[in-house]
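Each of the next two complexes has chain A plus one more chain, namely chain B in the first and chain C in the second.
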Partner chain A sequence: MLDLLWLVPALPLLGFLALFATEGKLPDKLVAVIGAGTVGIAALVALFAGREFLQSGEPSFSLSLWTWIAVADFQPSITLYLDALSLVMMGVITGVGFLIHLYATGYMWKDHQEPASYSRFFAYMNLFVFAMLMLVLGDNLLVLFLGWEGVGLCSYLLIGFYHRDAANGYAARKAFVVTRVGDTAFALGLFLLFRELGSLEIQQALAASSALTPCMATAICLLLLGGAVGKSAQVPLQTWLPDAMAGPTPVSALIHAATMVTAGVYLIARMQDLYLLSANAQHYVAVVGLATLLIASFTALTQRDIKRILAYSTMSQIGYMFMALGVGAWSAAIFHLMTHAFFKALLFLASGSVILALHHEQDIFKMGGLWKKLPVPFWSMAIGSGALVALPFVTSGFYSKDAILLTAYDTSGWLYWGGGVLAAGLTALYTTRMMVITFFGDAKTEPHEDSRINMWLPLAVLGVLSIVGGWFGIGVLDELLGGLGDFSHASPVAVVTMAVPLLGILLGVLVFSGRIDVAGFVESKAGDALRRFFDSGWAFDWLYERVFVKPFLWLARVNKGDVVDLIYTLTKSITRGLHHTGALTQTGRLRWYAANMAIGLIVVLLLAAGWL
Partner chain B sequence: MAISVPVEHVLYVAALLFLMGLAGVLARRNVMFLLMSLEVMMNAAGLAFIAAGAKWGQPDGQIMFMLILALAAAEVAVALGLVLQLSRRYGTLDVDSASELSG
Partner chain C sequence: MILGAILVLLAAGALAWAAGRFVSPNAPRWVSMLAFAAGLAWAVLEWQGGAGANGLYAEQFIPWIPRFGINVILELDGLSLLMVALTMFLGIVAVVSSWDEIEAGKGFFQFNILWVMAGVVGVFTALDLFLFFFFWEVMLIPMYFLIAIWGHENKGYASMKFFLFTQISGLLMLLAILALVYFHHASSGELTFGYKALLGADISESVRLWLMLGFFVAFATKLPSVPVHTWLPDAHTQAPTAGSVILAGILLKTGAYGLIRFAVPLFPDASQDFAWWAMLLGAVSVLYGGAMAFSQSDFKRLVAYSSIAHMGFILLGVYAFNELGMQGAIVTMIAHGFSTAALFMMAGAIQHRLHTREMSRMGGLWVHAPRMGVMTLFFVVASVGMPGLGNFVGEFLALLGAFRASVPLTVAATIGIVVAAVYGLYLMQRSFQGAPNPDVAAMRDFGAREMSVMVLMMAGLVWVGVYPQPLLDMSAATIAKLGVLP
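After this line comes the complex of A and B, so read on.
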């Protein structure tokens, strides 16, 4: 079965090719079977291959498929590499990916606007799963980069899926361009790594990396961090993620919550040995994580759009993972990546059901009182929210977040732990706000729900995973990755870590159900300014608009005629001028030619006689 | 050999004939006159060959003149075809009327 590992990425690619080649002419039911089925079979293959891999007891398994390019010493091979890290990632991508595909067969059924777009949607989704699998299974940084750009492309295509609305196209372009900034840094990092070590094979490069000078190691790590920051929507390249919510909700769940945005975490975890060489670079990883964590948490407090709340919450949870990587809690980061994939996918899918039931209403202040009318989405959201705020002992989020915060306290002291705990409190606050305003209070819009099994089954499975994924996952991952050993839940630090989210929930319930009156502060001038500041995502868009977009547009306007091109236009003009002058002598008149010949002859004779 | 003409004089005549022919080629528009002027120019060249051959007592000059005669005959054969075409297509013998091939 392990030799069939190549089937895991090949099946989604096959699905993509089938849907792409038929150009939407297949009946929608067949499209659903192909779209979700290929990913489902890939998940099964991944499951069996993973079980066999675990039974074999080997630390890693690699399957060489073929050599991509062969130029002298540069021979990148297409090799699938399976170890504990890529096994977890492959499981998340195919498993959660299949559940989201299954959900999407129902969601997009009601939601596609054009005849062929149902097929187009699944073609892109399958291509995405293929690219993401190449990203995590590739044993060569070049293959990883191929997957990296592939998921970026699919993200672009799916954010702009409803392309009739120009705003969605703008959001797609924004996501593409902003992540491209990070990708450029990533590519530069790869060039530098190749120049220094002469190989892009990950395992070889990591083994040889101790030969790097500290300065060079830091430079490479920071450039790779640049790529990770762009892809994972961390400060300062985080502005694209909230706008990316323009895509269909299953896309937000799969790409912008569970898998693609965690590619940065995977990259840093994969290049762990490199980061261990540079304490500075590792420190920056933690700083980026902590900054994003706090900025995103505050921003989520003021958002009105349910998907944007979840987007900012995704940013902050990935901030936790970056912080974990930065403080050396590698396994905790991957553990949180896994549990986050479960509960955030659940939250997005449940919110998708709510949005669909309310006919594309996304403003939480226009919802309310839905808990009785939409029981399945409500309970799904409740379980997901519980995991997000890390309710002690019963949810998966608790185990992973605890592992991060307690390791941070052990290795890096109170700063990162304190920041993380503060953000955990804020997470509890904004999650409670979202739940209270969406599902309780007065009903403002009448829902129409008709969920079929293909929509509620994924929610149920993800709900179960969001609960049991914690205590079940911690054992499995501890065995695979190590470093998740026993944390004492009785120490004062652990108790505070546990209590803060509960306090957050309590505060949230009191404030947002109106038992504590905060209207005075919110409506005051300072309160309003603060609210608008948070609402704009700490004014990053405002700043970038002025620092980058406006100057660039100004430059583009000024340079409309293309200054550099003037040189070439000039060459062209001179050539054309000479041509026209030369053409003037061609009059077509016989006598004119004869006269010129005579004159020429005279000149030649005079020259020969030496008179000229 | 009764009267001996200095070779310079013959060459002067030849040059004069050549220039007259050239002036005719450049000035006349009627293709028939143009061809006749060309003939004059060729005969000027032939005269110069004869004079030079006589001066050095060599037969080459006369041979060249015979070549020129053959050349003139060939040229006339081609040129008359052109004259016929010109008159047929343009209805005139004016060479300037056939000037479409311009840049």
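After this line comes the complex of A and C, so read on.
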């Protein structure tokens, strides 16, 4: 079965090709079967291949397909590489990916903005799964880059899926361009890595990396970090993610929560040996994570759009993962990546059901009182929220977040731990706000629940995973990746880590159900300014608009006619001017010519006589 | 056989003209189709036949003007064969893209297309500098007619500008050729225009820089590179669709080919000294071309400026003076040939249907013509440099090679890939996405004829993108023989 590993990415690719080639002419039911089916079968293949891999006891397995390019000493091949890390990633992508595809067959069912859009949607989704699998299975950084750019393309296509609305197109382009800024750094990192180490083959490069000077190692690590920051929506390239919520909700769940945005975490974890050479670079990874974590958490507190709340929450959770990578909690980062994929996919899908039931209403202040009317989405969101907040012992998020925070405390002291705990409190606060306002209080919009099996089944499965995923992690993942070991939950630090989210929930319930009145502060001038500052995502968009976008647009406007062409138009004008001047002398009057000849003759004679 | 192919194209041109006059106005396009199809078949057969021991797929030698050492020397090596095959293929694309665009003078139109392409095939195979220059001129005149007669509203200006730029830069090259032959004669006593004899010409250091520049300016103008690029947006915008397809797909590549085949090998030392400046021009072209593409509101003009940006990668790659860069430049030549030809075909198709190139008068076209939308999307994505498609392989190799030569210039050019995303996606947005433009009631989508060439170009880009090795192997042999790389 392991030799059939190539089927795992090939199946979704096949699905894409089938949907692409038939130009949307297939009946919708068949589209659903192809779209979700190929990913489902890929998940099964992945399961069996993974089992065989684990039974084999080998640390890694490679499957060479063909040499992509061979020029001089540059010989990247298309080779699939399976080890514990890519196994976990492959499982998440195909497993969670299948559940989301299944859900989407229902979610998109009546979403026929135009003919063929159902088929187009699944074509893009399948292509995405293919690209994401190449990203994690590629044994070569160039193959990884292929997947990396491929998922970016699919993200662009799916954010702008409803392309009649120009705002969606803008969001899509913003996502693509901002991540491309990171990709530029990534590409330069590849150039430098290749120049220094002579190979982009990951294992070879890592093995050779000890020969790097510290300065060079730092440079490469930071360039790769640039790519990771763009893809994973971390500060300072985080601004695209909230806007990316313009895409259909299953897209947000799959691409902008569970898989693509965690590609940066995967990249750094994959290049772990390189980062270990540079304490500086690792430090920056942690700083980026911590900064994003705090910025995003504060911002999530002020959002009204349920998907944007979840988007900022995603950013902050990936911030935890970056922080984990930075403080050396490699396995914990991947553990959190996995549990986050479960509970955040669950949260997004459940919110999608709410949104659908309310006829595409996304403003939480127009919801309310839904918990009885929409039981499946409510309980799903409750479980997801519990995991996000990290309710002790009963949720998967608790174990992974705990592993990160406690390791941070052990290796890097109180700063990262403190920041992480503060953000955990904020997480509890904004999650409680979201739940209380959405599901409790007075009903503002009448829902119509439309729950078919293909929609509630994924919620149920993800709900179970959001709870048991933590135990699975401690049990199985620890064996695969190591380092998740036993943390004592009795130490004072552990108790504080556990207690802060609970306090956050308590505070949230009191504030957002109106038992503590904060209106006075919120409506004060300072409070309002602070709210607007947070709401804008800490004014990053405002800044970039002025520093990059406007000057570029200005330049484009003033130079539309191409200033370089002036050289030639001026040459033309001068030539023409000379021509006209010369033509002036040609009057056709005999007297004028005779006079000129006489003057000329005199001048020549005078010159000859040496008088001039 | 090579001369035969050129003569077939020339003869087909005459035949097409006559057929248009005496048989039916629609007969000429079939003559063209057949001629290019035959040419493509010939190229494929030569490829299948494999290269001889000397690395040549075909060669020909016919004495021409022995007194001055001028001969018809035609050779088909890996690089030449690739370019000839691309020429023949894009000939078909050009004919299909102007299938029912041309109203008047259909016979003479096809005559010009066939004669341009005959000149191009000559340029890609001639190894006698006199003969090379002869073909260089042969491809110019018919192109001038294509723009001047069948062009759009400002065709007089554009065709004259095209002619002057090419002619003046060509004149510099002619002077350089004559001087090279003269100095070679002076030092060796042998009067010849033969390429191989001139390769090792013994020329003083001060002179060879100027001679190299004579060649460089001609080729850089054709490529084109900033700051001699301004003929291109006008020529492209005004040319009929087939003209743009040929211009972008093939004629620009003759500039790149000239650099690789002539400018660098004839003057290796001078080129090496000049390399940093050439790379600088490349990096500037990437950024400036990209920024200019973004500022355009005319679909065709935008694509034209994007070509300038893409050609910048070729300059970077060639003057990196390593195999990675050189291969990158060659792959870019091929991939850009497909992607830009397709985009120009798209521009022509839209103009034919909507009678405008202004993107402000488009918008939401996807609703009317989803096939055209998908195709535009595909080729935009390719030209943005998506891995898995041809342009990525070319540009990545070029940058990888350039990085070893100059880090700052490579950094600058790499930023160009962000700009490419900005203008590429903007093009997509303004034409096919967004709210449907109320002024556009309906638009006929692509039919089977257009789709078949589009699908072929897609297949070409995917092939170059995921399995470029056959192509790399062919050009590797040529690069090795050029002997300019360390």
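We adopt the following convention: the second predicted complex is superposed on the first by the 563 of 612 C-alpha atoms of A that agree within 3 Å, B and C clash if a C-alpha of one lies under 4 Å from a C-alpha of the other, contacts with A are read in each partner's own complex, and residues count from 1 in each chain.
By definition in this document, a contact is a pair of C-beta atoms (placed from the backbone, for glycine too) under 8 Å apart; a residue touches a chain by one contact, two chains touch by 3 or more.
Quick caveat: nothing in here was measured; it's all calculated off a predicted structure.
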{"item": "First, second, both or neither for A:R173, with chain B first and chain C second", "value": "second"}
{"item": "Partner chain(s) touched by A:N559 [first = chain B, second = chain C, both, neither]", "value": "second"}
{"item": "Partner chain in contact with A:F145 - chain B first, chain C second, else both or neither", "value": "second"}
{"item": "Contacts of A:T587 with chain B and chain C, given as first, second, both or neither", "value": "first"}
{"item": "Chain A: partner with more touched residues, chain B or chain C", "value": "C"}
{"item": "Chain B versus chain C as contact partner of A:A460, first or second or both or neither", "value": "neither"}
{"item": "Contact set on chain A toward chain C in their complex", "value": "23-24, 66-72, 74, 78, 114, 116, 142, 145-146, 149-150, 153, 156, 160, 163-166, 169-170, 172-173, 176-177, 180-181, 183-184, 187-188, 190-192, 194-195, 552, 555-557, 559-560, 562, 564-565, 567-568"}
{"item": "Complex contact set, residues of chain C against chain A", "value": "161, 226-227, 229-230, 233, 288, 291-292, 294-297, 322-324, 327, 364, 366-367, 370-371, 374, 381, 385-388, 392-393, 396-397, 399-400, 403-404, 410-411, 414-415, 417-418, 421-422, 425-426, 429, 432-436, 466-469, 472, 476"}
{"item": "Of chain B, residues touching chain A in the complex", "value": "22, 25-26, 29, 34, 95-96, 98-103"}
{"item": "Chain A residues touching chain B - in the complex, by the definition given at the top", "value": "582-591, 594-595, 598"}
